[in-house]
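The structure that follows is given in the form of structure tokens.
A, B, C and D label the chains in the order they appear, each numbered from 1.
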Amino acid sequence: MKDSVRNFQGWLLFAPAAILLLAFTHYPTITTFLNSLYTNKSVIRPRRFSGIEGYESMLSDPIFWKVFANNMWLALGTIPTSIGLAIIMALIVNKAIPGRGLLRMAYFTPTMLPMIAVANIWLFFYAPEIGLIDQAASIFGFESTNWLGSPSTVLPSIMVMTVWKEAGFFMVFYLAGLQTISPELEEASKLEGSSRWNYFWRVQYPLLLPTTLFVLINAFLNSFKLVDHLFVLTKGGPDNASNLILYYIYETAFAFLDISYASALTIFLLVLLALTALAQFLFIEKRVHYR
Amino acid sequence: MSSIEVKGLSKSWGEIEAVKNVSFVVPEKSFTVLLGPSGCGKSTILKMLSGLESVTSGSIKIENRDVTNLEASKRGVSMVFQSYALFPHLNVKENIQFGLKVRKVPAAEREKRVAEAANAVGLSDLLDRKPSNLSGGQRQRVALARSIVSDQSVCLMDEPLSNLDSKLRAEMRDEIRDLQQRLGLTVVYVTHDQVEAMSMADQIILLNSGQIVQKGAPEEIYNYPNSIFSAQFIGLPPMNILNLKKIDITDLSKENQKKIEISKNSINLGIRPEHLNFSKKGLPVTVKGIDYFGGETVFKISHSGQDFFLREPRQPKIHLDDKLNISWDPEDMHLFKKNNQRFTS
Amino acid sequence: MTSKNKFTSSLELMGAYILAAFWVLPLLYAFWAAFHYSNDAIHFNIFSPLTLDNFREAWSQAPFLRYGLNTFLLVSFILPGQLLISTLAAYAFVRFKFSGANVAFALVLVQLMITPEILIVQNYVTLSKLGLVDTITGMGLPYVASAFCIFLLRQTFKSIPKELEDAAELEGCSTMGILWKVYVPLATPTFIAFSLVSVSHHWNNFLWPLIISNSVETRPLTVGLGIFGSPETGVDWSIMSAATLISVAPLLIAFLIFQKQFVQSFMQAGIK
Amino acid sequence: MSKFFKKLSYSLTVALGISMISGAAIAKTELTMYYPVAVGGALTQTVDAMVADFMSKNPDIEVNAIYSGNYDDTRIKALTALESGKPAQLSVMFSIDVHELRELDAIVPFDDLVSTSEEKAWLNSFYPSLMENGVAAGKTWGIPFQRSTIVMYYNKDAFREAGLDPETPPATWGGLIAAAKALTKDDGSQWGLMIPSTGYPYWMFGALAMQNGQTLMTSGDKTNFDHPDVIEALEVWKSFGEDHKIMPKGTIEWGTLRQNFLEGKTAMMWHSTGNLTTVKKKADFDFGVAMLPAGKRRGTPTGGGNFYIFKDTSDEERKASMKLIKFMTAPENSAKWSVATGYMGVSPDAYETDTLKSYVAGFPPAAVARDQLKYATAEFSTYQTSRVKKGLNDAIQATLVGSKTAKEALTEAQAAAERILKPYR
């Protein structure tokens, strides 16, 4: 009797969260899937069941492959660099050096800026001819480069900006990781005459491995959600060279009003993210645990 | 008049029976200690008394009121927890008056009662401190004050001294006992420390594996342990137990021989270390260890492969590996039957 | 320390400062440009005159005050909602082992992966059915139940000793009384950590507010800035810098003042 | 359910309306209107001022004008608002959105709204080329408001420096290339010409294609991307950067181009006439505006935004909307708008007003866009415009950045357009 009361109370407390989660996470996930199986309703043609046609046309859509590849390149281009820089920053800031507070603030500040503002600022740097980078380059006699206007440079340009924005954020996780390493370990390793470099590779780095994997997965998930800068910088151009999945979903749904196709794209993105998260749970979590 | 009456109390979680058919009575204004090794069910009994744990079967009466199914807060008991359970975000004063506020006691009365309680435990100067800025003993006092201020006649204490160092523990023992008598509280006190039990209790309820082994006043249990468990749980070093088969009875005094003969079934002989004496005749032993404590000396001695202890108030000139004899008075000897129960004539 | 060590460590120190310089430079440049005429800003004329015209211009071209108010309203709707709902849910998970709790928790964790950003299309449809498009409520609602917050609070609540709850129960606290008098105050550091992370996230959020807001009355700073800075209108460096600074100023100033707490909060939220 | 509520709210409104009339009170008609801005300057203030002026003259109408970003943003906002229960009654949207809006059954034709002969005359008072994009299926769906053509801005100082006559800007492609070569400096500090290829590449391309003798579409369901003349036009565009080296290679930002021109980084730019006033204000050199040069002929698409009235509106709201549109497009207001922005006066009458007359007299470039109208065609517009347009834009950019040839890119774009448009034939 008492148990059933607690049971009911528990559900009652959980109910508000449950309702909102169902309404804005689970229900839309399911309807997105259903919508991807139907065609759009329009005045000319009624909605009809189309099965996997949407997915077939997705697989034969060169833009889809392009944006997917872009997303992958973006992840590949930004995550290792960001993580490397984040580790360096964390090592710097974790030590008692003059101006530590200022350094930490400097590294972390970009994290506090909205991506849209970051894009505005970096637009100044990348603008051809009049942008800061081009002006600096012209001093040394380099030709002007249309950083955001040519397919070979637009993605790298965005990567540099993304690294700038994210490295300080990841630094925080490494700082937290470093602080769990007992200082006695460093003292012990110093007594044994090991160099700092050695100490990093033999002690700190392996102990930070769980942090790295955590950051890796989250950075990967994040890289699919971050598209704000495209609205300011390139709108995905030129010729989709900087377009990303989520931005393509936005375009498809809200500019082309093609809910059916946008749903198929969304489901693809969801499956991709789900697999990544699953990999984290099943595979990596078990392998890298020291405690 | 009895304050608490427990009848046939049991608690089980699925297959596991933590408390088996326990019954006892706690007289009013008395100090009762539930004593036993860890896992014996003593804390579970206390939690059932408090109402924080539900009862599987049996009944609990507090001040003649059946409270078996009553909510914790309505049983008229207060409690002191092992970890003190002080609220870290509240200062001493707020901790003490926590329950009064919940029960909506008017501010003026609250102030008065908090001041009294704080005074009783000597905390009046520390009311603004946070628990994190208090020593272990001070935290203990806050927990006591919180219990006192509630004005409940029954106070339950769950190993309240286990987190203190030994010197402080001795002090607090006296203080708690003193407080209990001054305020006329009925205390049920859980501990695994027999010293605490002996020094504080009016009544000890000794438990093992969820069952009551023996209950009674401390000296009663000490002098007449009803089983080897009782005999060895109380007293330090514990009572020596010697297997009669490994002893040549003829080494012992006539009186002792006679006493042993009467108890045909007994297989073990119990004798407390302080009741043994080195003597010219008696059981031959070898000295295997000497621990000198100043006021007393404890010898580890051995007879036919059995090690046991002898306690001497003086410092006799005895050395390791000396071969000596020991003897004892027959009144001090306890005999135990095959089932480890005491033999009584 | 040997002289060689000294040399390498001062070299490292220099590296640290140079890296930091690179990291603040973009923002400093924007700051500098906002106070100069665009011609001077582009040509990097260090000694050119200072001006407030850009701010005046930006301020008159878009209702930043209103945008700021909208952002403030948005954050003040989301955060208390998140804290309230997550507190109740976390309490249910930790102290009420209700039947199906494990499945329920798994369903909560799903949202860590499928954040509302990804479900923009369907969530838009849902909100328009509810008539909440172009409202602050609609902008905040999908974020109010936060799996992350529930998860954090659950971890924190789990670490609170059961004895504290017993003590309160014995003193006559009700179930909800225990939550408000014991659990909530003890989880204060977690509440602060999550709040700072949540506020900075939603202050800076763009895509969903862009979709759901239609008018000046609901448009938050980021969307206002996005529309303002959208290069289709033709970019004026200095005015855009000024507008950017106006938009990021509230949060940035708060960060500069409380930077330690912010970093600590992000750390704390990240560990769990 | 919604039907029931609609009925209910309708009857309530009627009841309320009757009671109000009987109470001799004037009910205010509330209008919500979205409008985009695609060029520089404080256009929002100009629009707000005009709207305020309108409201002071029509106290029974309350207009809530909402600036909603660029053309795409505005269409998205207006359409989503329709579905969300907080609809707008009218909006300025891209002139080329007409097919898409009709397919969604979102707008009403103006032919159904005009009744008096005076109104019919008003409907015929605009420049015919500006009406082209607003007409479909024999009816008029859009009224021109912020309309433009592409014009060529050029830096007269740079012309003088390069030994060119600042008063005779190039009038043919050949002349353009020659002049641009003279204007391009080897050290890269000044280019001869820039044509933007982000934002609205298809628009610029519409001009080049027409100059080469071919329009991009024949009707809402038929595109001509793979026509040899169109392909050739794209090759010409590409050759400016690739072969003649008078323009930077790759794409050129629509948004930052004006700044490039003002900074002297390019001596000529093609841009919307809607930028004229801003350029005039900000240029610290002598500049001129010319019609686009001719290939086989002169040519430019018109561009910009039209007024639309949404279908989901009451009679009063439609009447009020008509009032507002008539006000905003009346000769005097159109003239003021033109002076403030650089957009064209939408009717010949606008250019007959004193405002515009004296402005043009003092600043002749203000008339170039209008003069160019006689060579103008409709802006590219089809069913599913956004998607077809994206295909074309991608093709143009792919060619300019060199990842595809003009022929490949445009043939693919044509095939994609065929697929999309087939159901509409």
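We adopt the following convention: a residue touches a chain if its C-beta (ideal position, glycine included) is under 8 Å from a C-beta of that chain, and two chains touch if they have at least 3 such contacts.
Fair warning: this is a prediction, and the values are worked out from it, not measured in the lab.
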item	value
Number of steps on the shortest touching-chain route linking chain B and chain C	1
Geometric centre: closest chain by C-alpha means	C
Interface ranked first by C-beta contact pairs	A-C
Centroid-based (C-alpha) most distant chain relative to chain C	B
Centroid distance [mean C-alpha coordinates] between chain D and chain C, Å	38
CA centroid of chain A to CA centroid of chain B, Å	61
For chain A paired with chain D, centre-to-centre distance based on mean C-alpha positions, whole Å	37
Whole-Å gap between the CA centroids of chain A and chain C	16
In chain C, residues with contacts to at least two other chains	42, 124, 211, 226, 230-231, 235, 237
Numbers and ranges of chain A residues touching at least 2 other chains	123, 127, 130, 254
Touch-based graph of the chains, sorted into line, ring, star, complete or other	other
Chain-to-chain touches, reported pairwise for every pair that qualifies	A-C, A-D, B-C, C-D
Touching residues (chain side chain B, partner chain C) in the complex	47, 50-52, 72-74, 77-79, 81-83, 85, 87-90, 98-99, 102-103, 146, 150
Touching residues on chain A, where the partner in the complex is chain D	42-45, 63, 123, 127-130, 138, 143-144, 146, 148-151, 234-235, 237-241, 251, 254-258
Contact set on chain D toward chain C in their complex	34, 37-42, 44-45, 64, 66-70, 73, 77, 80-81, 83-86, 199, 253-256, 258-259, 263, 275, 278, 284
Chain D-facing residues of chain C, complex	38-39, 42, 57, 60-62, 124, 127-128, 131, 133-134, 211, 214-216, 226-227, 230-237
Chain B contact footprint on chain C (complex, rising order)	161, 163-164, 166-173, 177, 181-182, 185-186, 188
